[in-house]
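Right, I'll just put the structure down here and ask away after.
Naming follows writing order (A, B, C, D, E and F), and every chain is counted from residue 1.
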Amino acid sequence: MTSSHRPSARAVSQLRDVRLTRHYTKHAEGSVLVEFGDTRVLCTASIEEKVPGFLKGKGQGWLTAEYGMLPRSTHTRMDREAAKGKQSGRTQEIQRLIGRALRAAFDLEAFGERTLHLDCDVLQADGGTRTAAITGAMVAAYDAFSVLKSRGLVESIPLKHFVAAISVGVYKGVPVLDLDYLEDSDCDTDMNVVMTDAGHFVEVQGTAEGAAFDRATLNSLLDLAQQGIATLNTLQKQALGL
Amino acid sequence: MTSSHRPSARAVSQLRDVRLTRHYTKHAEGSVLVEFGDTRVLCTASIEEKVPGFLKGKGQGWLTAEYGMLPRSTHTRMDREAAKGKQSGRTQEIQRLIGRALRAAFDLEAFGERTLHLDCDVLQADGGTRTAAITGAMVAAYDAFSVLKSRGLVESIPLKHFVAAISVGVYKGVPVLDLDYLEDSDCDTDMNVVMTDAGHFVEVQGTAEGAAFDRATLNSLLDLAQQGIATLNTLQKQALGL
Amino acid sequence: MTSSHRPSARAVSQLRDVRLTRHYTKHAEGSVLVEFGDTRVLCTASIEEKVPGFLKGKGQGWLTAEYGMLPRSTHTRMDREAAKGKQSGRTQEIQRLIGRALRAAFDLEAFGERTLHLDCDVLQADGGTRTAAITGAMVAAYDAFSVLKSRGLVESIPLKHFVAAISVGVYKGVPVLDLDYLEDSDCDTDMNVVMTDAGHFVEVQGTAEGAAFDRATLNSLLDLAQQGIATLNTLQKQALGL
Amino acid sequence: MTSSHRPSARAVSQLRDVRLTRHYTKHAEGSVLVEFGDTRVLCTASIEEKVPGFLKGKGQGWLTAEYGMLPRSTHTRMDREAAKGKQSGRTQEIQRLIGRALRAAFDLEAFGERTLHLDCDVLQADGGTRTAAITGAMVAAYDAFSVLKSRGLVESIPLKHFVAAISVGVYKGVPVLDLDYLEDSDCDTDMNVVMTDAGHFVEVQGTAEGAAFDRATLNSLLDLAQQGIATLNTLQKQALGL
Amino acid sequence: MTSSHRPSARAVSQLRDVRLTRHYTKHAEGSVLVEFGDTRVLCTASIEEKVPGFLKGKGQGWLTAEYGMLPRSTHTRMDREAAKGKQSGRTQEIQRLIGRALRAAFDLEAFGERTLHLDCDVLQADGGTRTAAITGAMVAAYDAFSVLKSRGLVESIPLKHFVAAISVGVYKGVPVLDLDYLEDSDCDTDMNVVMTDAGHFVEVQGTAEGAAFDRATLNSLLDLAQQGIATLNTLQKQALGL
Amino acid sequence: MTSSHRPSARAVSQLRDVRLTRHYTKHAEGSVLVEFGDTRVLCTASIEEKVPGFLKGKGQGWLTAEYGMLPRSTHTRMDREAAKGKQSGRTQEIQRLIGRALRAAFDLEAFGERTLHLDCDVLQADGGTRTAAITGAMVAAYDAFSVLKSRGLVESIPLKHFVAAISVGVYKGVPVLDLDYLEDSDCDTDMNVVMTDAGHFVEVQGTAEGAAFDRATLNSLLDLAQQGIATLNTLQKQALGL
């Protein structure tokens, strides 16, 4: 199978062009524009000097994430969630995923009674916004902790692992890496994988959109994801000059 | 490793006692009380003679699910979602999962412009409510379609596959099947798996609660799930007298 | 007039079969399934070790109730209130009634700065859910206070009176006791009565559904209610082994 | 017992001064300021040329009511319900009561596919706002139907009965008519009664605020209500020049 | 141009009859019915002995305003905002304007940690409700501070300036003062102006409803507003006996 | 007076650097990033082939605007409106202003039964977001109508006037043009002005933040605004190649 079966002519195991632009906006402690091809997500990391009620007095920090899409980040305009007065189930599902992924990256007990807020806002969507968001938020969070360190508020960056995320799926019968919108809307199986730079899994979320999938397919998809995430971890560290 | 490390003294690959009680309430076309040990979920299937707007005139049906917990189904009382005025992100995530799982079980194009509503309400929670809900809702949905058939509204039950679901996880370092509450609140990895009776995957959702997990662990968990779901499919068919 | 005019063939002053099943679920301090014929309501009583803001520091307790119906507890499926984002006026009216009724049963000043939450959830509806709820919640609350006493947190159960409730109405021109759904949907006057075991009134709520009713009818209805509630009080005490 | 035990020095069976001012505002088809002593409620009746969805095409009308209190109609300022984003349970209970009461007054099948909206807004509260609202809304509704008739849209006013409402209660051990705020906040039993001008009951809602009440007390309260409502019916008709 | 071009036959610079009725309701510290012709707004001023969280401990007071329209204060009935569960953008815009205007009238640092709540509720609308509300709220607030002073809680009324407001607009090509509903619904430019009794501007809000307007027109409108507000300030002081 | 009194060292009548970047995102019919110095707002224009209910069948179009700020577009993180479940009063006020301004720019009767949705989302805030939004939305809307024209759906762009907007204010006693955040948070008077390229006013909104302002100051502010908007109109046309 050559790459030609993909709309983008990419090889099955080929990522889109990934760009991580730090300091994209000026107010946030960490601010990264992450691009996976035409998917663009602005990830900001904001430090707040308090924790939610359930953690008060426990001497540890908290990390939480929110996700949103600009109304016309998509092919046809979506209603604005703020105007409708509620976040969709999909939005909540995604922001919960981002939060869990990033809490696996940092040691919450090592940065004091502070909250790190990650805001991932999609400026332009072309498939894979949640995995791009996780990959970018990792860099934004790292930057925010660097600011804390430079201000003398923590001794070191409370890093456990770098995490990154990628989607994989079965497109026209063939497992492929990093689905874009055209592939995503026409695939049989869609899986989002979050891993650490130690090659371990943080999240695996696979869904059969059409036909159910067998164990061999699952294994192929995980192989692709593993390889793609290793590349993303390298790009994250390069962006940070590590 | 003997079973002695589980609070319930179950073997690592042992399900809890599973009971499927049909016709549990009288109004719904399908009504099943599903019990996985002390977890009890009432699953009702209701047929409505119309489809949502986006499907009108397309000649096909729709299937959707809602999930709820009674306020004191849990160890300590939770706030009632109807009183708070919104469903939590967790609730929405679960009901979206149930809906996707059951849409994989039936052929939506084969039952006319009708909606099947699945309501899964937890009467008593002891871990694994979402997987019990899917397993029970399958039987309730089957019963509802039998009613449609007996009324002459469909020629046959629009079944594609039986689906069932189970949780697996790493408890005290060992992969185990069908986590109860004590295990669930103290496990490292938690995975919910939905499969068909053909042994294919509909959903795989694994989360590292503590440490990230490696590929070998993932494989052991999937082996356990595959075996457990095969048993659940048998129990579903026995309950339906198939 | 023989009983034959009632759909159920009951005598005009005959209650449906009433069952009170204690310890129906395991987490709540009190948990009672109450059945009036086919009407089934799960009543749980949960103790919380704090009071609402307006009572803080006053040394007394609080008792409050919430009511809900499972979406398919009824003949046709109702929308889920949690999904709609608000409780209906009917729901709020009923839960306020349950709360007032039960606050008449216990001495709020005698159980410390605690809240007793009563949750009454209708599993199956066949008329009279609110009066069944009050009758069952009385037993659940008693059980919860027994738990408090057994834990040494109160010296005695802060009981003032047993309360129970029943509906009465004018069905096909004749006053009858304990309306079921068929009668309820076709009656002229509907009255819910809450009384203590001393034979005194806590609540009287009568509504002319069709024609307004005269004083003589009102009196007949109250006679029926008084008699029915005396029976319910006996059943409550039997269930509790008093 | 002389009247001296009441804060207002009224006799036990004495109404406050009742005033019904028609055409209080200029836009509504019916607009009545009703005053029971210092309680002042503005009742408007608005005709809309359509019915709710569940009545479309059935050839009959609908009548519905809403109730509100201005934030500083009360002793201390209450939060504005529009700002809080929801109506309280009490508000909903009251507006449902007003609606039921007035639907008993008119023949819904006799005024075409129209809706009569009754808005009862409390300008100043001193006890008995809901019964004043019903009494005033009756006159406003009558005026609105007169407008319909004068426009040739109905042949006659679709009147079944005049309805009026009053509160009664046990104040310092003695049944009294028409509780004002001082009495209401310190009474043992509080009952709201809605009756027709034929002397029949539309609603009876009695609540034991403190001790439960016996049948004899109930009877005394109903006697008082019956007499008070007869007076109110006379005042309503006088106001309308009937 | 004679006055004859205005529906009311007023001269272009003529205010409607303005009445300020103090002590309109009895509970509020200040309660003023303000009438600009047929526009009637009830303005109450309520003192609360605390400030919002962001001001706690700062030793100063706060002043805030809310605005509402009774559902049938208008030509056709509007939905009740409390029933819809949210205030419209127009409502919020107006109450924010009233708040800013009145905060310019009083010295917030001079009345202790208290909040003055201004509630402006439209009983009857005929154009210019927001400017009538500001003009009446000024008098109600003054009365409330007089109460505070008479209770010895403040030494003097913390007055900076009297403020009043008026609308001006271009009606049939001619600038006019104090638009009524007929003019308002058919004008090209609509401007609301808030000024102090020193002749300075607190707010200027001009909107081209139809054609954009030129600088000369703007100047004419401001001239009219300035003159009208001077009259209103005089009426406010007369009402207060100053 | 030299420019030295402004934090940015700008002259009193000097705009910040203004940049208008068209085609900033790819899905919207019009997409413009507008920058006024460090203020950056993404304005998209989306065409929908239907109109709101109140315009159906009238043969004309509609134009509406929404506004939002990314949570960390500001100095300290704001709560996300979608998560809070409501838009603030400020947000609603601004989006209503943008809508009115742009409806003055186009002939709604000349583009068929379509809606133009303008979404203005603030990526980075440094003062003047609403005036930047109007200025950018004008260009995005023009682009969207060009798309309609190129698709043959309208014969010509239904332009009435170019509109642009700017803020002016009194900073440290001196009227200045185009307030940035530092000036905005410390100014006495703040005015937003919207004008057409014919030099006429669409909106004038001036607020005395501290002391009320006199007529002479108002005149100076309008002079500055008039000049600034002329420059903005030129920049808009240059950006569009007109």
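Everything below uses one rule, namely that a contact is a pair of C-beta atoms (placed from the backbone, for glycine too) under 8 Å apart; a residue touches a chain by one contact, two chains touch by 3 or more.
Source: prediction; values computed, not measured.
J.: Using the touch definition up top, find the fewest steps from chain B to chain E.
T.: 3
J.: Where the centres are mean C-alpha positions, what is the separation of chain C from chain F, in Å?
T.: From the centre of chain C to the centre of chain F is 59 Å.
J.: Could you state the distance in Å from the CA-based centre of chain D to that of chain F?
T.: It comes to 51 Å between the two C-alpha centres.
J.: CA centre of chain B versus CA centre of chain C: separation in Å?
T.: Here chain B and chain C have centroids separated by 33 Å.
J.: Which chain D residues touch at least two other chains?
T.: As it turns out, chain D has residues touching two or more other chains at 85-86.
J.: Please trace the ring of touching chains beginning with chain D, moving first to chain E, and write out the chain order.
T.: Ring order, starting at chain D and heading to chain E first: D, E, F, A, B, C.
J.: Can you list the chain A residues touching chain B in their complex?
T.: 86, 89-90, 92-93, 95-96, 100, 104, 161, 191, 195-196, 198-208, 211-215, 218, 222, 226
J.: Residues of chain D touching chain E in their complex?
T.: These residues of chain D touch chain E: 25-28, 31, 38, 40, 42, 44, 46, 48, 66, 68, 70-77, 80-83, 85-87, 91, 117, 119, 121, 123-125.
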